[in-house]
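Note that the chains are named A, B and C in the order they appear, and that numbering of residues resets to 1 at the start of each chain.
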Amino acid sequence: MEKISLAADRYLVADPAQKAMAMELYRSVCALPLVCPHGHVDPSLFADPAASFGSPADLFIIPDHYVTRMLYSQGIPLETLGVPGVDGQAAPGQGNLDHREVWRLFCENFHLFRGTPSGIWLADELATVFGIHEKPCAANAGRLYEQIAGKLCLPEFRPRALFERFNIEVLCTTDAATDTLEHHAAIRSSGWKGQVLPTFRPDALVNLGHPDWRAQVDHLSQVSGIDVVDFPTYLRALEQRREFFKHMGAKATDHAALTPATLVLSPPEAGRIFQHALRGDCLPGDAARFTAHMLVEMARMSIEDGLVMQLHPGALRDHNRQIFQRFGPDKGADIPLQTEYTRNLLPLLERFGSHPGLTLVLFTLDESTYSRELATLAGHYPALRLGPPWWFYDSLNGMARYFDQVMETAGIYNTAGFNDDTRAFCSIPARHDVWRRAAANWVAGLLVRRLVDEEDAFDIMHELAIGLAKRTYKL
Amino acid sequence: MEKISLAADRYLVADPAQKAMAMELYRSVCALPLVCPHGHVDPSLFADPAASFGSPADLFIIPDHYVTRMLYSQGIPLETLGVPGVDGQAAPGQGNLDHREVWRLFCENFHLFRGTPSGIWLADELATVFGIHEKPCAANAGRLYEQIAGKLCLPEFRPRALFERFNIEVLCTTDAATDTLEHHAAIRSSGWKGQVLPTFRPDALVNLGHPDWRAQVDHLSQVSGIDVVDFPTYLRALEQRREFFKHMGAKATDHAALTPATLVLSPPEAGRIFQHALRGDCLPGDAARFTAHMLVEMARMSIEDGLVMQLHPGALRDHNRQIFQRFGPDKGADIPLQTEYTRNLLPLLERFGSHPGLTLVLFTLDESTYSRELATLAGHYPALRLGPPWWFYDSLNGMARYFDQVMETAGIYNTAGFNDDTRAFCSIPARHDVWRRAAANWVAGLLVRRLVDEEDAFDIMHELAIGLAKRTYKL
Amino acid sequence: MEKISLAADRYLVADPAQKAMAMELYRSVCALPLVCPHGHVDPSLFADPAASFGSPADLFIIPDHYVTRMLYSQGIPLETLGVPGVDGQAAPGQGNLDHREVWRLFCENFHLFRGTPSGIWLADELATVFGIHEKPCAANAGRLYEQIAGKLCLPEFRPRALFERFNIEVLCTTDAATDTLEHHAAIRSSGWKGQVLPTFRPDALVNLGHPDWRAQVDHLSQVSGIDVVDFPTYLRALEQRREFFKHMGAKATDHAALTPATLVLSPPEAGRIFQHALRGDCLPGDAARFTAHMLVEMARMSIEDGLVMQLHPGALRDHNRQIFQRFGPDKGADIPLQTEYTRNLLPLLERFGSHPGLTLVLFTLDESTYSRELATLAGHYPALRLGPPWWFYDSLNGMARYFDQVMETAGIYNTAGFNDDTRAFCSIPARHDVWRRAAANWVAGLLVRRLVDEEDAFDIMHELAIGLAKRTYKL
């Protein structure tokens, strides 16, 4: 049986001198707590002290679109992986799908993850969290399933216990603007000391083109207690929700958009578009203009209430419509687009880019913008910070490209440290570990080439590990 | 006289530990046969057992636009390099151009190829194929010419002999859809055991804007025996040709296009556009829409007949019109364009991207699409595979960037291995050797950083050398 | 107190074998004179033998937008850095701003430059030019100020003395087309042997959309002695100025433009647009078309008078309008745009790209064009050369990416060596030193991987250090 070996110097560069420095730098931060200012972990996991992760397939495969997309790309249907259909039920004919069978398919195809970040995280989780030191394969699939399933029944493998074992200082979730945050309330009132904070995400409310938009607005009226009848009441209701989120511990908002377009509409025009939308007759182009305007409104509100603003643009969601229709969103079929920031952000930055009260953290799925647009913008505007490599680029090479292309121009202190951005809770330590090792490689590269001295190097290392994230997100 | 030295560890990384691993990995594949699923070698070379390569200038310079473009870029006119004019004759005033003089110009300017892939291939060919271990220069030009010319007269330097010496397992050519494949037939009927297979390339038949299109359609009618009078007969004739190619051993089709735009036209609309084109009054925009539609038709036919589909988009052909008018196409004056895949491929992928019967191999001349679009698409759609670095990126750095930017997201098994894509037959071993060394560097980088273990590493190495290519192209 | 240590092997790669080669290569060129074919140093510094650099803040901070932008990005207002307002005076309330205070702010925030090229240059200048081997910080700010201020009073720290100490062979400035070049004349007539040459930059005269355009044209009439009343007289006046610049030693022209669009207008159309502009009613789109046409006219003039043409496109100037309105242009708020060369340059290249009389040096702020467009164009057209990494990419990583992405395809001999492009005179030695070290790393990488032999390597190194620059700019 092949071994998973997690060597102490794994992922560190080949050159012995640089590796030795990287190891020392890594060691200086590897025991620091994990600061998680952005992610998609389900807060309900922590609301109930007795919550569990379910089966090994529930934990490692079914909800993780990083994993299912790779299997799908090699012709394995999502149905056979236990991915539930849009009705929330198992896919047709899969009603009594055996999770052992899902797990076996995964183990049989574990070679597909060679050289991928998912492969790194999975191996690390198996070894570090579950003490499994064999590479999954057809032969050991059954045995591994039993081992993991057995552990998942133990109290020390419940979410809260792992949260503590993982040494998570703070974990921010991402929540719809209309969310009642009942799980967050339950966590707070339970007396458990784990910090799990909500993040305000109003995407569904600002996208006029979404078929569900009108229902969302009604929902907003209901949860805010403000009857949304026009654009001013809509803004007031959003402000109310932000205040509620802030009261519940939120530090930030998050905004996904097809593009980073921003725009300042006149109040009458914004009002007119909003009224049209309420009546269900949004004109072509108006939805995009409204979304662009709302980014500026959100920046304004951030200055007023102090919530850090995050922007995650550039994904064409649900590219594979068959998959979307059958299984819904977030199934590994979102594909990046070329993205333009220089002109798109101009209206927002003209208004608020130099305001000391705004922190806007930018992310990208278009790496060609790192050195051309993002580093140059962040190296000028006081309000801007660059988020870490996102999604497909949350990987060793992706991080190396980020350090290489961003830092010289943006400067280290205009970046925002790391966030794991994951819904796979058990992968959090592995993801932070990869970042810390990649950062150590990079800083050691500065040190070995005498670009910084030792004192600088250890200082930078600490900033990258937790300092920048804590300061950017006011944690 | 300066030496060409082909050190055993050439092109391998500097770090001693990684280099030792790379050497071991390289050694594990360096004796494997060459699998060549895509290229532009002239099949007539192998049809006649007595065919020869002509003079040293015929072999190394005149037909190789990689070589002539570099000389041209430094002010050396193509006329003086013996490049024939569009009439197929030598350029005006060059009727009795001395190939020794062409060769001398090349040798005098050999320093221009320093650090370029052409420089690597040329040095390797001279040393490995012809036993020449001096760098070409003005002083040795005459002597080298005689040496090479002498060898080219020997039976062991005939194309079939070199094919065998090069250990080529299979060589796919690229052939117009209307080609009678007479050379391929001659090879098959000759009893020679070398595998030379045709590839179906219908570009001239799907580009309605080409001045020669109508003549091509008439040619199609003639060779297919199907009178092409409308869109349905046109499709039937294309299907007939594909069937003929398949019967002659073809495994794949190949499609060059300005962009990877795809589109599904309704049958009446496709028919209408086709009728207009037959009458010579193709409306503006219709040619591009028709080409986009035909890519979808070709994907449909690939599902029906099993031919692998290759797409090579993004070159603005014949950028230098003076050169085109005087010397015709493929003279080193094609320049890449920004290319967009995410939206462009959507119509085709929506229809066939998840179909188990389709294999679509994507290539690019826009490296910014590697991590943004191509790796993410190939990491999701079962039908997609990514071809190796193409043309200007078929180079050591180009390959390093490809491995770096593609593999983490696409996964190794969604790539298609290597193809040499060359019309310079004698450069084939050198090109595969560069790929195998670049791959060894990359895999050794995974190994030395403990991203994979030894067993994985050797397995991946074999996949990259021939496994992926054979499986992707069903060879 | 922390030390600035300028190790002899600084910035060289980690691998010992490659580093040893790089060191040898670097040593072979480190004593060569500095050739500076493009930059923005103020020629008045050399016109008066007694000119001085002012205070330490005048020298290192106030005029250097690389430095002030980084401080601004962290919330430090330009006012507090002594940046003068648009009226040429100190900003409101800053009339008697203490340069010691500006210097202290800079020293306190010196950590912001960690890992940036500015950080490298500043440390090198402090140590090499001023003999200061402490890192600036709050504690030593006052003392460092006195040390530097004291030196700046000495004759050996006057501009001419440093020019000689820096071993500058030739320094080209950049000058408005209407400039009288009085400082250049003063330098020439002073008998001082330092070579300071003007460069012809007509941007203000070709941008019809600029509010100041009409005044510029009147200025052109005045300095040229040609009454500009229509397009032909405008062209003649420009030709006269080019002739004057050439007479004053100019070797080149320089052109900044939003895009590299080129276009050939018919004489009547160019004339019509020009007449409209003279009357102040330039039609929408015409300004851009006129600029595009003027690039072709400038190429034509370059063929006639032999001046090398430089093109610096792709910056959206003055992105932060608040900063522009208060402090004017060139304050660190210019942001790059996606740039397209393949189609944009076609009209110019079609006409003049193969002309032996033209040298057109291309620069870019969009690194995705390196391998896709610029290297492929320069690897074909005889008239084209690629300039070195520009502005934000004039950095160790920027240079590494340039070598990596450009050289294989363009070939070394289609590049233009280095230029420092700086207005910070004292940073010139540091900038050339970074280039020479980065080049040594790259050439050593070729050597250690046996891509070139030793003889080639030292030859390439010399070319990169000064050979290519001297040949490209005919110096």
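What we mean here is this: a contact is a pair of C-beta atoms (placed from the backbone, for glycine too) under 8 Å apart; a residue touches a chain by one contact, two chains touch by 3 or more.
Small disclaimer: the values here were computed from a predicted structure and weren't measured.
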item: Interface numbering overlap (same over half, different under half) for chain A and chain B; value: different
item: Chain B on chain C, rotation in degrees - Cα superposition, rounded to nearest 5; value: 120
item: Chain A and chain B, separation of their C-alpha mean positions in angstrom; value: 40
item: Shared interface positions of chain A, touching two or more other chains; value: 13, 15, 338, 368
item: Residues on chain A engaged by chain B in the complex (per definition of touch); value: 2-3, 5, 7, 9-16, 69-70, 72-75, 111-117, 119-120, 316, 319-323, 332-333, 335-338, 365-368, 392-393, 395-398, 401
item: Interface residues, chain A side, partner chain C - complex; value: 13, 15, 17-18, 338, 340, 342-343, 346, 349-350, 353-354, 356, 368, 371-373, 375-382, 384, 404-405, 407-409, 411-414, 445-446, 448-453, 455-456, 459-460
